Amino acid sequence: MGDIILQTQGLTKEFRGFVAVNDVALSVKRGHIHALIGPNGAGKTTCFNLLTKFLAPTRGKIHFNGVDITGDRPAQIARRGIIRSFQISAVFPHLTVLENVRIGLQRPTGLSFHFWRSERCLDQLNERARQLLDQVDLGEFADTITGSLPYGRKRALEIATTLAMDPELMLLDEPTQGMGHEDVDRVTQLIKRVSEGRTVLMVEHNMSVISKIADEITVLARGSVLAEGDYASVSRNPLVMEAYMGTTQGELEGAHA
Amino acid sequence: MNMPALEISGLNAWYGESHILHGVDLTVNQGEVVTLLGRNGAGRTTTLRSILGLTGTRTGSIRIHGTESIDMPTYKVAHLGVGYCPEERGIFASLSCEENLLLPPPVGALGGGMSLSEIYEMFPNLLERKHSPGTRLSGGEQQMLAVGRILRTGANLLLLDEISEGLAPVIVQALARMITTLKAKGYTIVMVEQNFRFAAPLADRFYVMEHGQIVEHFDAGELGAKQGVLNELLGV
Amino acid sequence: AVSDDVIRIGYITDMSGVYADIDGPAGAEAIRMAIEDAGGNINGKKIELLIADNQNKSDIATARAREWFDQKNLDVLIGGTNSGVNLALATVAAEKKKPFISIGAGTSDLTNKQCTPYTVHYAYDTVAMARGTGAAVVNDGGKTWFFLTADYAFGHALERDTTAVIKASGGEIKGTVKAPLNTADFSSFLLQAQGSGAQILGLANAGGDAINSIKAADEFGITKTMKMAGLLLFINDIHALGLKATQGMYLTDGWYWDQSEASRDWTKKFVARSKHQPSMLHAADYSSVSFYLKGVKETGSDDGDTMMKWMKSNKVNDFFAKEGYVRQDGRMIHDMYLMQVKTPAESKAPWDYYKVLATLPGDQVFTKLSESTCSLINK
Amino acid sequence: MMTIFGIPIQAFLGQLLLGLVNGSFYAILSLGLAVIFGLLNVINFAHGALYMLGAFLAWMGLSYFGLNYWVMLAVAPILVGLFGILIEKFMLKHLYKLDHLYGLLLTFGITLILEGLLRSFYGVSGLPYATPDALRGATNLGFMILPNYRAWVVVASVVVCLFTWFIIERTRLGALLRAGTENPRLVEAFGVNVPLMITLTYGFGVALAGFAGVLAAPVLQISPLMGSNLIIVVFAVVVIGGMGSILGAIVTGLGLGIIEGLTKVFYPEASSTVVFIIMAIVLLVRPAGLFGKEK
Amino acid sequence: MNRKTLAYLVFLILLAFVPVLGIYPIFVMKIMCYALFACAFNLLLGYTGLLSFGHAAFLGTSAYTLGHAIKVWGFSPEIAMVIAVLASGLLGLAIGALAIKRSGIYFAMITLAMSQMVFFFFLQAKFTGGEDGLQGVPRGLLFGLVDLKNDINLYYLVLFIFAAAYFLIWRVVHSPFGQVLKALRENEARTISLGYDVDRFKLLAFVLSAMLAGLAGATKTLVFVSATLSDATWQMSGLVVLMTLVGGMGTLVGPVIGAFIIVLLENKVGDFGAALYDWTGVEWFSHLGESVTIVIGLIFVVCVLAFRKGIVGELNAWFERKQMERT
C-alpha cells in the first residue's frame, strides 16, 4: 500500500443531476507521472477540483498516503502536499515573477499573518525563489510584472510556484495547452525534470507529450474510467481508440474499402 | 446558388490568453457534408465555436452564405441559418426534455425545418422522456436532444460536434441515415468527428487539423490515398 | 459697541432633510423679513445673515458654527431644527460666549441638564407639548390613555412627561407599546392599542412615524373607538395627512397663523414672499430675531454678555408671544395653545385646520424652575 | 376565551394576517431582485427607490392627470419599467464585463439621485393617497376588523407573484430566461437576442418594484424615504432566502413578514431588527440561504 | 520610491504648519478623520477586494464608546481611545466572521444589514441619547498634561494619530500579510491551492480595517465633542465608499484625496451652487445646497461609469502612458 500515494473509491460528482464524474476509482503510484486523458468535457478538470476539494464530491472517498482526506478543506489538502495548477493560467498578474514564487515559499515560514513586519523580512526567501525560477528558465524575468509575460512563460511560472510548495503530489491541468511547439517541448522537459522525487498527476491533450513522459495513463470518457495502463497498452486498447483516438487501423482500411 | 455556404479564411481564435487557432482556412459549399478530423485538442471544437463567436477574441474572415459575420453578435450569426450542436451538448438542467427541444427559435433560412412529430419519430426515446428534466436523460438521449432541437429551427448550415460520441450503434446508424436525408434535403453540414467509421461514408470532403491549423484536405475519393497521412496524423 | 461694525446673524438648520418643511429655507426667509423690518441696519450698523444646512449632522453644523465664530466673528447663532444638532451648537456658542437662540429643537435638555448661560430656547419643547396636551385632554374627559411611543430617547421623554401630568390630573395609563423608529406599518401596534380599551391614543412620536401611525389608525377605524392626541405634531403634518384622517385630534402648538389679527397679517406677508405656509417655527424665527435686534438697538451693542443680560431682562411682545420672558435657565416662557383638528366640514379655507380649545399659560406648561435640573439656577 | 402565548387567539390571528400583508411587499420586492439577479448578476440597490417612484407616480397620476388608482396600478409599473430599461441600456450594460460590485454601486448612486430629486420637489413630510373607493371600509372577519384594502394587497401581491412564477416556470419565455441564467452564450448561439432579453428582464424586475409602490401608496405616507428603509430589510430577506428559486423568494418574503408581525406583538422593541437577527442565524447554519443553490 | 517618501515629508510638514498658516484647524481635523476612515475602508476594498457596505457601524461604535468612556466612566482620552478602538475591533470580529461566509455582492449586503442592526441598537440604547446623540464630551487632558480643549494641541494630536495610522496602513500593505492579501485579491482560487486559509486572512483584514475605522470615529468625537447617530447610518457607509472610489481604490493616497473632496463638497456645496448660479445663471444651481444627496449620487454614477480608477488611479495611468511614450 505504501507505494500508492493517492487513491479514490467511487468518486462521483453531479451538477444538478448531470453526472460529470461517475464512480471513478483512481490509484496513483508514488514517483510516477500519471496522465489523465479524455475528450473535452470528460470530467478531468472536475476530477482535479474534487481531489483538491474545490468541489465537494457527491459520493466517494479520497485517500492520500492512506489517510482519508475526503473531509479536508482545500487549504488543508494543500498543506498535506497536494498542489495543483489550473487549466487557465493562474498567476498573480500584478505581482512580479519573483513575488509570485515567494507567495508559495512564504506560507511555511509562518510570517504570513505578521502585518506589522516589513516585507523585506521576506527577502530571505529570494535566493530559494531564484533557484526555482532558474529551474524553469525564468531567472532573467525575476523582476518583471507577471502580467506582461508571454503565455508559455506564465505556465512555467505556475509550475515554479507549485514547486515552491515542495509538493509530494503535483496536479497539472493541461500544462501545455495553448502553447506553440517550442514552448510545449520546454514545458515537457520541465515536468520530466521536476518530477524527480515527486508524483505528478496531469491532464493533457497532447499525445506526443504523454507518450514522452507518462508512466501511467487513465482514460476518462463521459465521467467514467475507460481504461488504465501504460501508454503502449492504453493506446492499443480498441475501446480507447473508439472513444478517444476515434478509430483503429483496421477500420481505417475497412472504411474506404 | 454556387456561392459557398461557409467560407473561412485566416481565422485566429483565443481563449483568454491561450491562442488556439492559428489561421484556419476552409470552405464548405452548399449542400456539402464536410468533416473536421484531428487529435484531441487540435482545435476543431474551437473552430465551430468561433464561427458563432463563442470563443474569446477572433480575427480573420468568416462568410456565411456570402455574408461577412466576423463582427456580428452571436445571435445574428444564428439567423444566417446556422444550427450548432455543441460538444458538451448544452442540455439545460432547469428545462424539461420537451422544453429543451422547443427552446431554439426558428432561424428558417431554408424555411420550415422538421416538425416536433418528425423529430420524435426519428428519436423515439425522447418521446418517452419528454417531461423529465433535460439533464436526467442518458448521455445518448441528451445527444439526440441536442441534435434534434436544431433540426426544428430550419437552420440549413449545421455545425455538429461529435454527435456520434457515446451513442449506441443503432442510434449512430439512425444519425447516419438522418444526415443522408438532411443532405438530400439540401442542408449543408460541418461535422467534427472522432468516430471515423461514422464520418467516412457520409462526408464529401475531409479537413484535418493539428495544433489549430488545417494540415490536410482531401475529397472522399482520395481517402485511400491519404490513408498513410491519416494514420500518421490521427493514428497511434 | 457693535463688533467690526456689522451685526452678524448665523442660521443653521435642516435645509433638505426630514425637518426641511417645518423650518428650512422658509425659516431663512422669515429671518430676512425680520432684518428688513428692522431696517436692514441699526444706527447705521449693517445686519448680515449667514445660512447653512446642517444636513442633520452635528459635526457639519458645529464645524460651520465654529468657523463663523472664529473667522467671520458671528454675533448671534439661531438654531433651527434637530435637537442633536442644537445641543451641539449650544456648547459651541457657550464656549465662544455668544447668544444661541434655539428655535426648532424639541429637547428640554437645552434648558436642563445641558443648559448654558448663552442659550435661549425660544419656541417650544417636548415638556410643554406633552403637558399641554396631557393635562388638557384629561380635563376634557380623556381619562384612560394608551401610548404609542417612538422607541428612542425623544419618544421616551415625551411619554414620561405626559404620563406625569396625566396621573397628576387623575387619568390612568392602560398600556404602552414601543415602536422602533421608521416603522413602516403601525397597524399591528394599533390593534394592540385598540385591545387596551383606552379612550385616548397618545402618539409619543414625530414626523414620518406620527404620520404613518395616524394614517393606519384612520384606516383601521381606531378613531371610531378612541381619540388621538398628538404629542409633537406640526401644522405641516396635519396638512400632509389631510383632515379626513386627523379630524378631532388633540395637539398642542405654540402659535397658530389664524389665532389673531396680527398673526394673520404677518402670515399674509410671509406667504407672499416665501410661498410657504408658516409653522410655529417660522413665526418664532421672525420673532426671536426681531427681539434680538431690538436689544441691539437699545443697548447699542452686540456683545454676547450684554445681549444675554438684555434678553433675560426684557419681555417679548409681538404677534408670536404676549408678555413672553426669558428665564435664568434660558427657557423663553410664553403661552401655548391646545388645538383640536377641525372636521373637513368645519374647515372653510385652505390651512384652516385648528379650533383653539384652550390657552395654556406658559408658567404652567413649561418645566417649572423648581423642577429644572439646570445648574445655573440658584435655588 | 382561548389564548396563545398569553394573547387571545383572535388577536393572534389578526396579527398573523397583518404580518402577511407586510410579507406581501417583501415578497414582491425580493422576487424582483431575484429575477434581476438571476440573469444580470446585479443586486439592484435602486429597487427601493423605484418602489418609491412607483408610489409617487400613482400620486402624480391622480393629482396632475386625474388618473385613478386602477389606471395607475397598470401605468406606473410600465413607466418604472421603461425607466429601468433606460438605466440598463445606458448604464448597467457597460458594467457586465466588470466586477458585479459596480452594478451595486451604480444603482446605489441612482438611488441617491432619485431620492434627492423627489425630496427637493415634494419635501419629506410625504403626500397622502386616498384608498380607492371600491376598497374603502373594512370587513369583520370575526377575529378582527380587516380593512378591505389590506386584504386586496395580499390578494394582489400573491396573484402577481404566482403570475411571475408561472411566466418563468411554465412558459416558453420563461424557458428562455431559465436557459439564459444557465448558459447565456449557448442560448445566444441559438439566435436568441440575449442582450435584449436582459434589458427586458431588468425592466420587468423593476416594474414589479413599481407595482409594489402603487400598492403601498394608500397604506403608507408617500415619501422619498419610504424605499431606503425598506430595501435594506429586503436585502436581509434575500440573504436569508438565498438567490435560489423564484418560489424561494416568495415564500421567504411572506414568512419573514409574518415573523416580523409576531415580533411586534411579543417584543415590539426588536421588530425592526428581528429580520437581521434571523439573517445572522441562517448565515451560521446555512450560509447559502434557505433556498440557495450554489455550493 | 525615495521621491515618494520626500513628498510625504513635505506634505507632513505642510500639515504641521496648518495652524500657523491660519488655515482653519477644525476643518483640517475633520478631513483627517474622514481620510483615516476612508483609508481604513480602502484597506478592505482596495487591498482585499471586499466591499463592506456597513463601515459606518465601526465609526459609530467607537464614537459612542469613546464618548461614554470619557463622559460617564471618566477615563482619560488616551485610555478611552484604546477602549473605543477595541470595541469596534470586537464588533468587526463578530460582523466579519458572519460576512466572510459569503463573498462578492452577498458580502456587501450582509455587512449593510448588520450595520443597520447596529444602527437600531444605538438608536434605542439609553446611553446614546437617541437622536439627541451624546453631547458635550469633554476632551480632557492627554496623559494628564496636554489640555485638548485647546484646538491647536488637539490638532497636533489628530495629526499624529492620522500620520501614525497612515503609516500603519502603509506597513500592512507592504508586509508579508499584505502580500497574501494582494495575491488573494488577484486570484483567490490559486491562493487557496497554495495552502492559505483565505478566510482567516480576510477576517484579520476586516478586523484591522474595523479598528482603524474605529480610531477615526473616536478621533472625530474628540474633535466635535459629540457622537451622533449620523455616524452610524447607511448613508455614512455609502459616503466612505464614494470617498474611496473618487480618490482611487487600491491606492494609498486616493482615499485621503477622496475624503478631502467629499468633505469639502458636503460643507461647501451650497457655496459652489451659488457660484455656479452667478456664473451660469441657471436657477437650479442656487438650490444645490439643499440637494447634497443628488450631487453625491451623480458623482457616484459618474465614477462608476467613467472614472473607476479614481483621481489617483487615473493619474498613475496617465504617468505610465507618458513613461511608455518616452521609452
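Just a few scattered comments:
Labels for the chains are A, B, C, D and E, by order of writing; each one numbers its residues from 1.
In this text, a residue touches a chain if its C-beta (ideal position, glycine included) is under 8 Å from a C-beta of that chain, and two chains touch if they have at least 3 such contacts.
Worth saying up front: this structure is predicted, and the values here are computed from it rather than measured.
Using the contact threshold fixed earlier, the set of chains in contact with both chain C and chain D is E.
Comparing the CA-atom centres of all chains against that of chain C, the greatest distance is found for B. Mean C-alpha positions place chain D and chain E at a centre distance of 32 Å.
With each centre defined as the average position of its C-alpha atoms, the distance from chain B to chain C rounds to 79 Å. Separation between the centroids of chain A and chain C, computed from CA atoms only, is 74 Å.
One simple way to say how far apart two chains are is to compare their mean CA positions; for chain B and chain D this gives 44 Å. Chain contacts: chain B has residues 93-94 touching two or more partner chains. Each of residues 119-120, 269, 272-273 in chain D touches at least two other chains.
For chain C, residues touching at least two other chains, in rising order: 16, 20, 151, 180-181. Those residues of chain C lying in contact with chain E across their complex are 15-16, 20, 24-25, 52-53, 55-60, 62-64, 66-67, 70-71, 82-84, 87-88, 91, 107, 109, 114, 151-156, 180-181. Chain contact summary for the complex, chain E toward chain C: residues 24, 26-27, 30, 120, 123-124, 126, 128-133, 135-136, 220, 223-226, 228-230, 266-267, 270, 289-293.
Per the touch definition, chain B reaches chain A in the complex via residues 15-20, 37, 39-41, 45, 87-88, 91, 93-94, 133, 135-136, 139, 162, 165-166, 193-197, 200-201, 211, 223-224, 227, 230-231, 234-236. On chain A, the positions that touch chain B within their shared complex are 15-18, 37, 39-41, 88-89, 151, 154, 177-179, 181, 205-207, 221-222, 235-236, 241-247, 249, 251-256. On chain A, the positions that touch chain E within their shared complex are 52, 54, 73-75, 78-79, 83-84, 86, 90-95, 99, 102-104, 106-107, 109, 111-119, 121-122, 161, 165.
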